[in-house]
Amino acid sequence: MKKIKIALMVLVFVLLIAFPMLDGNLYHQQLMNQVFVNIIVVMGLNFITGLTGQMNLGTAGIFALGAYASALMCTKLHTPVWIGFPIAILVGFLIGRGLGYPSLRVKGVYLSLTTIGFSEVVRLILTNAIDFTGGSQGVQNIPFLNLFGFEFNTPFKIYYLYFGLAIILAIAAARVVSSKWGRVFKAIRDNSDAVEACGIDVANLKILAFTMAAIYGCIGGFLYTHMMGYINPTAFNQDLSVNYLVMMMIGGIGSVAGNILGAVMVTLLPEILRFMQNYYWLIFSIITLIFAVFLPNGIVSLFKKSERQEKHFNIFHSIKKATEVWGGRLAK
Amino acid sequence: MESILQLIVSGVAMGFIYALVGIEYTLVWNSTGLLNFSHDKFIMLSAYIFAGTFVVKMGLPPAVGVIASLLVMFIFGMLVAVGIFNPLRSMASPIFAVMGTVVLGRIISEMVRLIWGPIPFTLPNYLTGTYQLGNIIIGRVNVWIIVISSLLVAALQIFFKTTKTGKAMRCVQQNKKAATLMGIDVSKNIVFTIVLSSLVCTVIGMLVIPLFTVDTSMANMIGLKGFSSGVIGGFGYLPGVIAGGVFLGVLENFSTIVLPAVYKDCVGFVLMIIFLLVRPSGILGHRKNLR
Amino acid sequence: MLKINKIDVFYGKVQALFDVSMEINDKEIVSIIGANGAGKSTLMKAIAGLNKASSGSIEFMGEEISNIRAHKIVHKGIVYVPEGREVFPEMSVLENLEMGAFNRKFSKTELNNNIEESYALFPRLKERSKQLAGTLSGGEQQMLAICRGMMSDPKLIMFDEPSLGLAPVTVSEMFDAIVKIHENRKIPVIIVEQNAFMAMSISDRTYVMEVGHMVQCGNSQELLNSPTIKKAYLGG
Amino acid sequence: MKTILRTENVVKNFSGLVAVRDLSFEMAERNIHALIGPNGSGKTTTINMITGAFPVTSGRIFYGDTEISTMPTHQIARLGIGRTFQNLKLFTSMTVMENLMVGGHQMMPSGILRFLIDPATSRKEEKQVEEKAKQVLDFIGMYDLKDEKVSSLPYGRQKMTELGRALMMDPKLLFLDEPAAGLNPSERVEFVNIMLKTFDLGIDLFLIEHNMDVVMNICSRITVLNFGAKIAEGTPDEIKNNDEVIKAYLGNRYQSEKA
Amino acid sequence: GNSQSSGTSGSPSASNAAAGKKFDGKITIGVSAGITGSIPMAGERTLQGVKMAVEEINAKGGVLGKELVIEVADDQSNQSVVINAVNKLASNPDVVAIIGPHLSGSVMAASDTLKKAKVPFLSQGTSPKLRTIGNEYLFKIRPCDAISAEVAAKYAVEDLGAKKVGISYNNNDFGVGGKGVIEAYLTKVGIPFVSEGHNSGDKDLTGQIMKLKNENVDAVISWTDDAESALTARQFYELHLNKPVITSTATSTKQVLDLIDEKAVEGFYSVCDFVITDPSAEVQDFAKRFQAKYGIAPDQYAGNNYSVTYLLADAITRAGKADREAIREALASTKGVKGLSGTYNADSNNELIHECKLVQIKSKVPQVIKTISVDVK
């Protein structure tokens, strides 16, 4: 079973490497690049909302700040483009601290409303601080990324860079999820009082989760900005935040594989459905809703099903066994 | 002076619209513990049903249209509750419920676009006109809104505090299992709540037509502002919602005196964040546990 | 009055009850004892309609109830006081009690009588009638849950570990109260208890459960003296 | 004998309702200390204040020589104070093993950057804690259940899991809030054995319990609260025969049963 | 691919079958329009205009003997989606040119992609910023705001004699662009002004209006979108801002006028390009046929995109082959092609229209007062 899984993963990997060489269609390449960006953002969101259970509806704001930070740096200050990357991390770090703070005071819907507020304020400031951000007319002529004089100026080149980054970040995310961090994030979601009682500083961890979410989000924004070449505030609206949550939900909350599947599906499905013309967006929304209602554990759960059933039987057997053991002890 | 008074009056008028939206989602929140992120779309849908179908297309007199729209939205609310809200609320993570409502909103707006077409319209001579007091002007429809939202809050407050069904709705939010054991039909209750909220949305949708005109994004802004006014008024506390809405409306207008008017929308969100963090009990100081 | 005939209950794929049968007669106190995880609560929930039996039947006053939804069963007069209290945390003690009578159309005086009866049983509740139930101490919540169950004048009441978390003096008061309720109202009572000694002392008959099976049933007094029961459940 | 825990005039006031008034007591090292009292007398509130879950309204609490009355919960826990909860607070979506691993989180000091850069160290840490968790599971007799979701376990096992999770932190002082509630007599015997074994490991126990068999048999000292105030303190025998305690808490039946 | 596009142009093939003509292949033009998203009306009208023109052209024998077909991509009026839409169109080698995207912001987002793909595209974007992006594949089919906004400002000062001008603008790419032009002009001629912005979707402008009132402006220029124009007119009227008002195109279109009480817009001026009350025979004829076909009056989205489809057909004919580069060159050398909102003449900025009309609303009917043209550079 495991071997099949690994073989499958290698196959997908090879296909992805070969894809832009086999398919020269710029549209397809560009779409894949968007997929990579979205994967990165969703994996970040997964830390805070998927694992820690803190409802974050402010992804658009995070993403926008990451995008604008780099865009403004290199168009206004003419800094080298790659600087945007550390800057994105720094901005993410700062946002994480800032957004993490409210999460210490409010939970659940209250937090989601706070994050909505944050994201809307960011958008309105980007729209209105015209001298600084270019306002609603946006920032144009954003240069492409370049590294050591090599410019990533075609979707083909961008593809490999973003693919590589997405893989690195996915590995990092997967490791975090399956490590003590992921575990303790989930524990906070289940019962934060008990986590405190285990000597763990919940405040710190929530901020850590927010920070990682924001760093991933800002890296996503950074990559987005240098792929687009032009940004304006209208794209960073509530709909975008929601879209990322939808990706996470459809893929499977809490799992990196799920995040990836969700990002792929939500990015590509509407494009695939374009042939339905006038109806495509409706159909897409209906499909999303159907997934939410009928596949609450996300697409990943389709792959895990057989495992889970086995486990159910196990539970019963081991409980029975344990009870027998207890009974045995009592007898003597 | 005159312009300050006018700003207050317009702010109050707008504030009551925010309050109406706030009432609607407080209602859903109080009894299901869900936030309906598609309420702006419900409002929009009902405006289309009322104005687009009943008044314009079928030529019914508005009074009849009102009743017909309430009926249609009653059924719509019921379908949505049974088909979507009920399954979503029982899911492990509240993310599903939130996302479900958002996606539902998208579906509604696409349906509206496909059914009624994308062209904005309005109802001429429906609740139009203004009243004038000295130099202070207030729209006729605003007066309607103020009266109706006050009545609505009073009625809902009595309903929640005194009637059994109202209390049952609060029980359902707090502990579904225990509610069942008291003999409360939890699913029916949720259906009832959603239907009620759908009706309140219909009232809002029909009232704002003269001010907002009918188009697919007509209620986007008040959807979010409604949340702010609810928070400012003390989450889940009905009389507070009106206070919150009016406070927000007036403050927004006052902000235009000192700030560029384009920052007006910021005021609502900043205020909401401040209240959430600093005074979660709202301006009336209603105590309630944060969950 | 209540007749359970060979029911099976599953959680997902796990079977929790196997072929369980049981009978409760009019005006009888019955206790159910068994180790942790034996399936006592599962059985109670099956009667209350919170779990569905996949096979077998449950008859209440001659009527099949195993397919009726939980809230309807309450209307038939079967009240289940669950383990773990399950109070309405953001309602006051008084409101919680009032909700206990939700399924009945009581007049004001009837309601007040029942409330007063509760207060008489546990005066602590009267002191705290305005306090939000979520902030009550564990034991206070337990008292509230018991009284709330009594509010609707049920025809059959089931207590799931009512003594859990109660102080010793209160435990005896509570068992006295159950006996009193039983005598005053002449209704059958089912008690699931870990405090087997107490439960068996006040009950007429006792059922013993083990790993999802009903293994023994008999006169409480007799079982109290049975050495195996003593050994396994009475800590003797 | 050294004092491990000491409270000085601790008061807790919930907007007018005084749940704990002027409580002063001391707990000596190497001791099993019990706190008993009628329902609502402020026992859980006292533990909550000691472990930092609630701030004290006034008064001071010392752990050894350290004042802990103003510390946040997690710091208090790190000093070696573990606890279980009256109403179970488990990580319900996780397995028993994972619950215990969270309890051992503090034993893995490497930060997230270190973790990402240096997988070997963190793997080693994880292994160590896993070993420890296995020991603890063995200790509480739940090794076989280690991969089960806690939410599907019977109540008694869940309580045991909570104890195991608290043990993972290597506490010096362990607070147990009604550990025996909901257990039948034989299970109770088992739990008591485990508690005694825990004590033998060098962990001092402070417990709230309504079951007098447990309290009277294993505790060396008992503090009794009523309406938030201390009404008696002493050895089990002293308490058993204290009229005020009998009246307020034990009741006559207990007396007659024992007699 | 192609199979989809013929789906969208099903009716043209039907009509040419009726005409009994045989086409020798197909020429595909892409349409990027906001069919869903925040301004779906623009998308629908655009599509209606283009489709009507395509049908007519095919009925007359097509272009270069080939059938004209369209491939539509919804851009949701959103910059991220626009990229996908135009990429999809551009990656189809059959697409020789694109009509759209409509919004200036969308054009900015799509510009690089289309430049690299070397696909000529014709946009309704009017922002002066578009002059600076240096994309020779972009053609602008409506008068730049640098022209029309200046016309409005000039009219306020010269014809209405305003000594102080109020500007009410939408805080988006369109409104801010226009506001910049107006402010620059007023500064140049030394007329004081106050600018008050609002956001798209705003529902109450009391704050802004009270400020304009307090500043005692003599005339107001309102540069905003459809819904906001209706709101502006209503609230100006209700709050008694009794000053002459000059607006951008919005108030000259039927769908906006339908939203406003007659009294509230009476006497408003509007600077526009395509207007259905344009007395010219072409416009009147088009309006009639459009009304007959779709049952609604055309607006500038319909009119301009109808007109530009003809222009594109003309350019393809002039290029002699359906080739992207050749079409671009043909478009860039457009001279004197008659369209519904004036004569298309390409200048160095690839701007095709250099004239606009000033209309006044009387009893909800826009009456053309004058046509203003500027020199083609």
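Lettered A, B, C, D and E in written order, each chain numbered from 1.
In this section, a residue touches a chain if its C-beta (ideal position, glycine included) is under 8 Å from a C-beta of that chain, and two chains touch if they have at least 3 such contacts.
Quick caveat: nothing in here was measured; it's all calculated off a predicted structure.
Student: Using the touch definition up top, find the fewest steps from chain B to chain E.
Tutor: Graph distance in the chain contact network comes out at 1.
Student: Of the other chains, whose C-alpha centre is the longest way from the centre of chain B?
Tutor: Between chain B and every other chain, the largest centroid distance is to D.
Student: A-E versus A-D: which interface comes out with more C-beta contact pairs?
Tutor: Top pair by contacting C-beta pairs is A-D.
Student: If I average the CA coordinates per chain, which chain comes out farthest from chain A?
Tutor: C
Student: So what's the Cα centroid distance for chain C and chain D, whole Å?
Tutor: 29
Student: Whole-Å distance, chain A centre to chain B centre, using C-alpha means?
Tutor: Distance between chain centres: 31 Å.
Student: For chain C and chain E, let me know how many angstrom lie between their CA-based centres, rounded off.
Tutor: Each chain reduced to its C-alpha mean, chain C and chain E end up 74 Å apart.
Student: Report the inter-chain centroid distance for chain A and chain C in whole angstrom, where each centroid is the mean of the CA atoms.
Tutor: So the centroids are 48 Å from each other.
Student: What are the residue numbers in chain A that touch two or more other chains?
Tutor: Within chain A, residues 124, 127-128, 278, 281, 315, 319, 326, 330 contact more than one other chain.
Student: Mind pulling the residue numbers of chain E that touch at least two other chains?
Tutor: 36, 171, 199
Student: Tell me, which residues of chain C touch at least two other chains?
Tutor: Chain C, residues with two or more chain partners: 14, 35, 37, 231-232.
Student: Using the touch definition up top, name the residues of chain D that touch chain C in the complex.
Tutor: Interface residues on the chain D side: 14, 17, 36-41, 43-45, 86-87, 152-157, 178, 181-189, 210, 212-213, 248-251, 253-254.
Student: Considering the complex alone, what residue numbers of chain A touch chain E?
Tutor: 25-28, 30-31, 34, 124, 127-128, 130, 135-138, 140-141, 154, 228-232, 234-235, 240, 271, 274-275, 277-278, 280-281
Student: Give every residue of chain E touching chain B within the complex, in rising order.
Tutor: Listed in rising order, the residues are 36, 38-41, 43-44, 171, 196-199, 201-208, 210-211, 213-214, 226-227, 230-231, 238-240, 255, 258-259, 261, 296.
Student: In the complex, go through chain A and note every residue touching chain D.
Tutor: Chain A residues touching chain D: 172, 175-176, 179-181, 183-184, 186-187, 189-191, 193-202, 208, 212, 314-315, 318-319, 321-322, 325-326, 329-330.
Student: Give the list of chain E residues in touch with chain A in this complex.
Tutor: Its residues touching chain A are 4, 7-8, 35-36, 72-74, 76, 78-80, 83-84, 87-88, 90-91, 104-105, 108-109, 111-113, 116-117, 127, 129, 132-133, 171-173, 175-177, 199.
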